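The chains carry the letters A, B, C, D, E and F, assigned in the order they are written, with residues numbered from 1 in each.
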Amino acid sequence: MMKRILITGAAGQLGTILRETLKPHAEELRLSDITEIPDLGPNESFVACDIADGEAVKALVEGCDGIVHLGGISVEKSFDLIEAANLRGVYNLYEAARLHGMPRIIFASSNHTIGYYKQDERLRHTDPFKPDSLYGVSKIFGEAVASLYHDKFGQESALVRIGSCTPAPENWRMLSTWLSPRDFTSLIMAAFTVPRLGCTVVWGQSANAMGWWDNSHAAFLGWVPQDNSQDYAEEIRRSVPRPGRDEAVATYQGGVFTDEPIHQS
Amino acid sequence: MMKRILITGAAGQLGTILRETLKPHAEELRLSDITEIPDLGPNESFVACDIADGEAVKALVEGCDGIVHLGGISVEKSFDLIEAANLRGVYNLYEAARLHGMPRIIFASSNHTIGYYKQDERLRHTDPFKPDSLYGVSKIFGEAVASLYHDKFGQESALVRIGSCTPAPENWRMLSTWLSPRDFTSLIMAAFTVPRLGCTVVWGQSANAMGWWDNSHAAFLGWVPQDNSQDYAEEIRRSVPRPGRDEAVATYQGGVFTDEPIHQS
Amino acid sequence: MMKRILITGAAGQLGTILRETLKPHAEELRLSDITEIPDLGPNESFVACDIADGEAVKALVEGCDGIVHLGGISVEKSFDLIEAANLRGVYNLYEAARLHGMPRIIFASSNHTIGYYKQDERLRHTDPFKPDSLYGVSKIFGEAVASLYHDKFGQESALVRIGSCTPAPENWRMLSTWLSPRDFTSLIMAAFTVPRLGCTVVWGQSANAMGWWDNSHAAFLGWVPQDNSQDYAEEIRRSVPRPGRDEAVATYQGGVFTDEPIHQS
Amino acid sequence: MMKRILITGAAGQLGTILRETLKPHAEELRLSDITEIPDLGPNESFVACDIADGEAVKALVEGCDGIVHLGGISVEKSFDLIEAANLRGVYNLYEAARLHGMPRIIFASSNHTIGYYKQDERLRHTDPFKPDSLYGVSKIFGEAVASLYHDKFGQESALVRIGSCTPAPENWRMLSTWLSPRDFTSLIMAAFTVPRLGCTVVWGQSANAMGWWDNSHAAFLGWVPQDNSQDYAEEIRRSVPRPGRDEAVATYQGGVFTDEPIHQS
Amino acid sequence: MMKRILITGAAGQLGTILRETLKPHAEELRLSDITEIPDLGPNESFVACDIADGEAVKALVEGCDGIVHLGGISVEKSFDLIEAANLRGVYNLYEAARLHGMPRIIFASSNHTIGYYKQDERLRHTDPFKPDSLYGVSKIFGEAVASLYHDKFGQESALVRIGSCTPAPENWRMLSTWLSPRDFTSLIMAAFTVPRLGCTVVWGQSANAMGWWDNSHAAFLGWVPQDNSQDYAEEIRRSVPRPGRDEAVATYQGGVFTDEPIHQS
Amino acid sequence: MMKRILITGAAGQLGTILRETLKPHAEELRLSDITEIPDLGPNESFVACDIADGEAVKALVEGCDGIVHLGGISVEKSFDLIEAANLRGVYNLYEAARLHGMPRIIFASSNHTIGYYKQDERLRHTDPFKPDSLYGVSKIFGEAVASLYHDKFGQESALVRIGSCTPAPENWRMLSTWLSPRDFTSLIMAAFTVPRLGCTVVWGQSANAMGWWDNSHAAFLGWVPQDNSQDYAEEIRRSVPRPGRDEAVATYQGGVFTDEPIHQS
């Protein structure tokens, strides 16, 4: 049982899900976002915060014994937007944590750090990056900051390269990339619970039979995902048109992000 | 649902099994063999064809949207026989496919491409070949042709290195090599269904606890074998004499093929 | 069914367990220890033996068709004690086996051969040693003797790097290292049963979700562990205090052995 | 012979060296820096430019057929400074290149991307990053941008992880990390000359016998470094005090950067 | 000093070179080709032979204590031609050798077995094949036959994947692929001389600084190539137009073979 | 310049050589052996010592700032002899060093730790052991002790797996295994000189073109061997009969040690 878990980006889709699922695991959830969250539950508090504001982030982090960092941009955007939220924002977070007891950080990294690998390639967490977007580049930056703060100060992090976290897989590609909210929740709690977390990359995927990513190195966390996209495979193959073999969504692990242009601000 | 699947070598043991199991998955099964098949079912047609005859193979392939290539020699034979059926035959098939829309090809390759590895070695699909017979050499040739046609023309193939495809495992070695007909069928359909097949080697084995071969690279196909030789292990250990540790069948992955001489024509 | 299995170190904790579980698998269990075993069962015999005594070991081994070698020191001790029991003792055993028909040997090796690896490292059996104690060094010696006798004389061995063999996992670390007595027994019998054993390293762990060690290379043995420490995880997390992240027991695979000094005799 | 090579950061130490050595290889050197360069040679031109200014960088890049990007911060500094010059600056450069014909870019990356590896570890270019500073993190960012622009647009880059580029090695660590100006120059020209550069990581080191980094993957560039720190080893061992084995400069590949605190702006 | 070396394909370009360079190393050179060789030297004999004729090949091989197998097709041709000369021909040669004392065979394999790898990939001899032509496929077949005859009968071979064997490198690609006649000769003699040859793949390249292929595994042969394409690099860069980066000759290791269509007979 | 180097086993063949070559590098050479050394030079002292005697070894080590440990058995012998000198002896040495300031230890390990690898296999220092003799087993034990004392106490060692250290290579196998006295000496001094030695395995071979062992990981030591067996190759091939391909000396890296029986005491 944690005392106070901070969730950044708590007003977003993922944050909304995790407020529910993390509730039983902490005395208090401190929610933060740039957008107000109106409907606070009994063990929830809200702190408005722009993570590009370093002082504000320091205040935000103080007193927490665990951080789930969802804050920032989560799709392809212009460099200006990504710089503020995903570069400066991540730096601010790690600096704040360093100054306030180094609570463990669950960092929402992304499959878009490696999005240009082909779908018939099986990846290990040690394979070189191949980002498919400025967004993906910013997540590589975040992982690098986490690595630096671990080697230099001992800050512990789980770097969760999330595939697709939705209630259920929605298309052919998600049969490989799906991370169920239940499994994401148990991953977060495993990372908070294991005696020694270190700075560990974890592929954010459920126990999908069709997965592209090898999580065997992270078994020591004690995380055992329970869901499998296979349970949805027949339904999706029946109801969702099969993509052509040369479409980005069937070719690259990052899917349509590889088709995104550079966004101008 | 496929329109027309061509099965070459359809009169053989494997072909006879697959006619049954593939029936629900195609509007028509086009069966081909050098031997006549008398008992055609309602959605089956038969085309007599010697696969060493290039023109005949072109006619055979036209109009199919998927090919299961079982045709050719499947045990050790003289070079003359293997040359016609397994060298020239495979070339003919890929040329025919190239000319007729490049339907996906499921190529029945074999564990005899790597038969001289010891049974205590675990293999990845990228390990170098170690053929145990001219037959095994011919399957390496076939895989090489498939690779060429993929890189040069985009032809997609599944190169299934079949262990032992029989209704049930029959001896100690098959506890490692068994591929149930049910699993072979689901593998074929997975290869026909996946949006992008590429040119993918798959070890043709069920989910055997004792398996020697690592199929993790092929998870993206969405193939989940259901059978496990372990269910037959006790029975086989009781009823089949244990081979001596220095017999070929207990030493090499290719088993008794390593004991075969060169057959003279 | 074996004729006569020799268990050395049979009076110890592991030996006492295996007397029970191996009973159904052999016509006779020949038990040996430096300490007398009083309560022999109907198919048990006892031979008092100091394994540092080469002639006595030769007499002990004669007539056995399988050996489970638990004898020797199993914790950190002074060099003098380890030398006699774990260096000279292992040499004596392999010499005795060589002279008496080379019955297969199940050698109780240990995770302390690699105890200085961190707990967030996943190991393959081919990774270099990193012993955490003179005890661990002595087990490396034993594995080296087994390798020599295999390559030179054909002696077959299973080198079982035991994690923690207790009725149930007892602390946080054992969630990774636990080997249930049931699984150890089935491993022993698999090694006696497989047509060709060779000289095979096996990580002595149950099917623990949190395991650190990759046993995929040993699938050919047909050993399928049935137990999983995960079934005990909730209970342990509730009832056993979580170790600090910098304690040896949470840092190194060998746990507290890394904290042991050199024992003086 | 190149038409116009752009050197960013041309007023710095490295830039000053390369102005000399690159002179014979281009009709014109376009020099750029935030600091004025007074003493222009006959085939040199100067453009004052803050690389954090996107529009200015576009103008700067236009008309060049090769870029040597030395601009930005080259030691540990506060995040504010690094963000402007090394994050935004690199983005600006690649955007400008994309809009102006994609001239090849020689990107001055750094050993500080991997500075936390120990000096007794030999690295391949595919090993995961281990940055030792915010500066090192910013170079990882730059490599990620280069990778993105290559996979998405075909932009070619050489990512040169420079060790220590000085006229001669100056201390014990530089016996491993030294890159002579002559070798850096020939590397730049090899990258401009090879028919296909792709996006290639190169360790920026001379042919030092004591090197930590494996450049064998980059042999295709045709770069053959001529200098070897070994020629200076005796002199350095005699004249420079040997560092203690636990000092950062003797422990980590990044040397004293690992001792740097986070700089506050 | 060998007694009698057989050179097949002796009338070809390579054969003509090797007649000169091998002359000092054998009492007799037995030359064979489908084309007559008129100008025999004093220690040369000629045997006309179509290697597709099994009986003729047996007669040819008898009495030789070493074979340099250059015979067959050496560029892309129709399947019919390749089948006769490079499939059946190789089989005939190994059968003949098996029946006549198993003299060592130097088999002229080719870089076209791996021609579809990109030029920025460094290969080991164990990397999977990627043929670029039917010719390349036929060389894979040849290597597979050699492997079979080694594992089954003990026949020793050097499988020399020749790059480009010409008096001097002639274009940009050959800076990587060149094998000087002098180095090819010393390789042949090293393979005949080493006490144990086994069945060893060797990349047929001189000591080119720009080489793509790692020959370190074959150091045991004692072959030390003396030539380096680097000596010709400046001249070629000056006199031969640089290929465009997207031309096959600059993209793939197999160069223009990847552009070849399937030849019809 | 070292103050006092201890050479154990100084009366042996290797010790006699190193007394000469190490003389210029230390103010004093402390020589030790079980056999008296009569002809002491001006900067040499002699201490008679049986390394199986722990107290004597402690006295021996005191006051030394570097140890070259050649003492013990260096060929195959009975277990009794090896146990005293190579098991207990090594333990005594490391205990003594631990108590006396942990001077660096150059441990004469051996190729016989991996003697059962074939000669056509290229080894990395991380490959699993394959000892060919009890002697080889004892050297594995020594390396394990060194590893333990490094991880537990920080003791630094160079583990030199010596091939064949003789003035010149004497037979075909030594073309691969030769270590010239000059190169051994420079290796010892490099290990004493490098700021951080750690616990590093080094293959004890000169810069032999025919070497089997990859020393690239140890480049950081700054050791650059100067000799190459190639200079002796022609002479040896002319004057020493070529071994048959199935003789141990041509098959296994450990050569004739694989033919040694177990010696009885």
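By definition in this document, a contact is a pair of C-beta atoms (placed from the backbone, for glycine too) under 8 Å apart; a residue touches a chain by one contact, two chains touch by 3 or more.
Labels paired with UniProt names: A, B, C, D, E, F = NAD(P)-dependent oxidoreductase.
Computed from a predicted model, the values in this text were never measured in an experiment.
Between subunit D and subunit F, the least number of touching-chain steps is 1.
More C-beta pairs touch across one of E-F and B-E than the other; that pair is B-E. Taken over every residue number at the interface, the positions common to subunit C and subunit F amount to over half, indicating a same-residue contact.
Rounded to whole angstrom, the centroid-to-centroid distance between subunit C and subunit D, based on C-alpha atoms, equals 53 Å.
Work out the mean CA point of subunit A and of subunit C, and you get 42 Å between them. Counting only residues that touch two or more partner chains, subunit B has none. Which chains touch which is summed up as A-B, A-C, A-D, B-C, B-E, C-F, D-E, D-F, E-F. Subunit B contributes residues 118-120, 122, 172, 175-176, 209-212, 214, 230, 233, 237, 242-247, 249-251 to its touches with subunit C in the complex.
Within the complex formed with subunit F, the residues of subunit E that make contact are 156, 193, 195-198, 200, 216-217, 219-222, 224.
Every residue of subunit F that touches subunit C in the complex is listed here, in rising order: 79, 83, 87-88, 91, 95, 98, 116, 126-134, 136-137, 140-141, 144-145, 147-148, 151-152, 258, 262.
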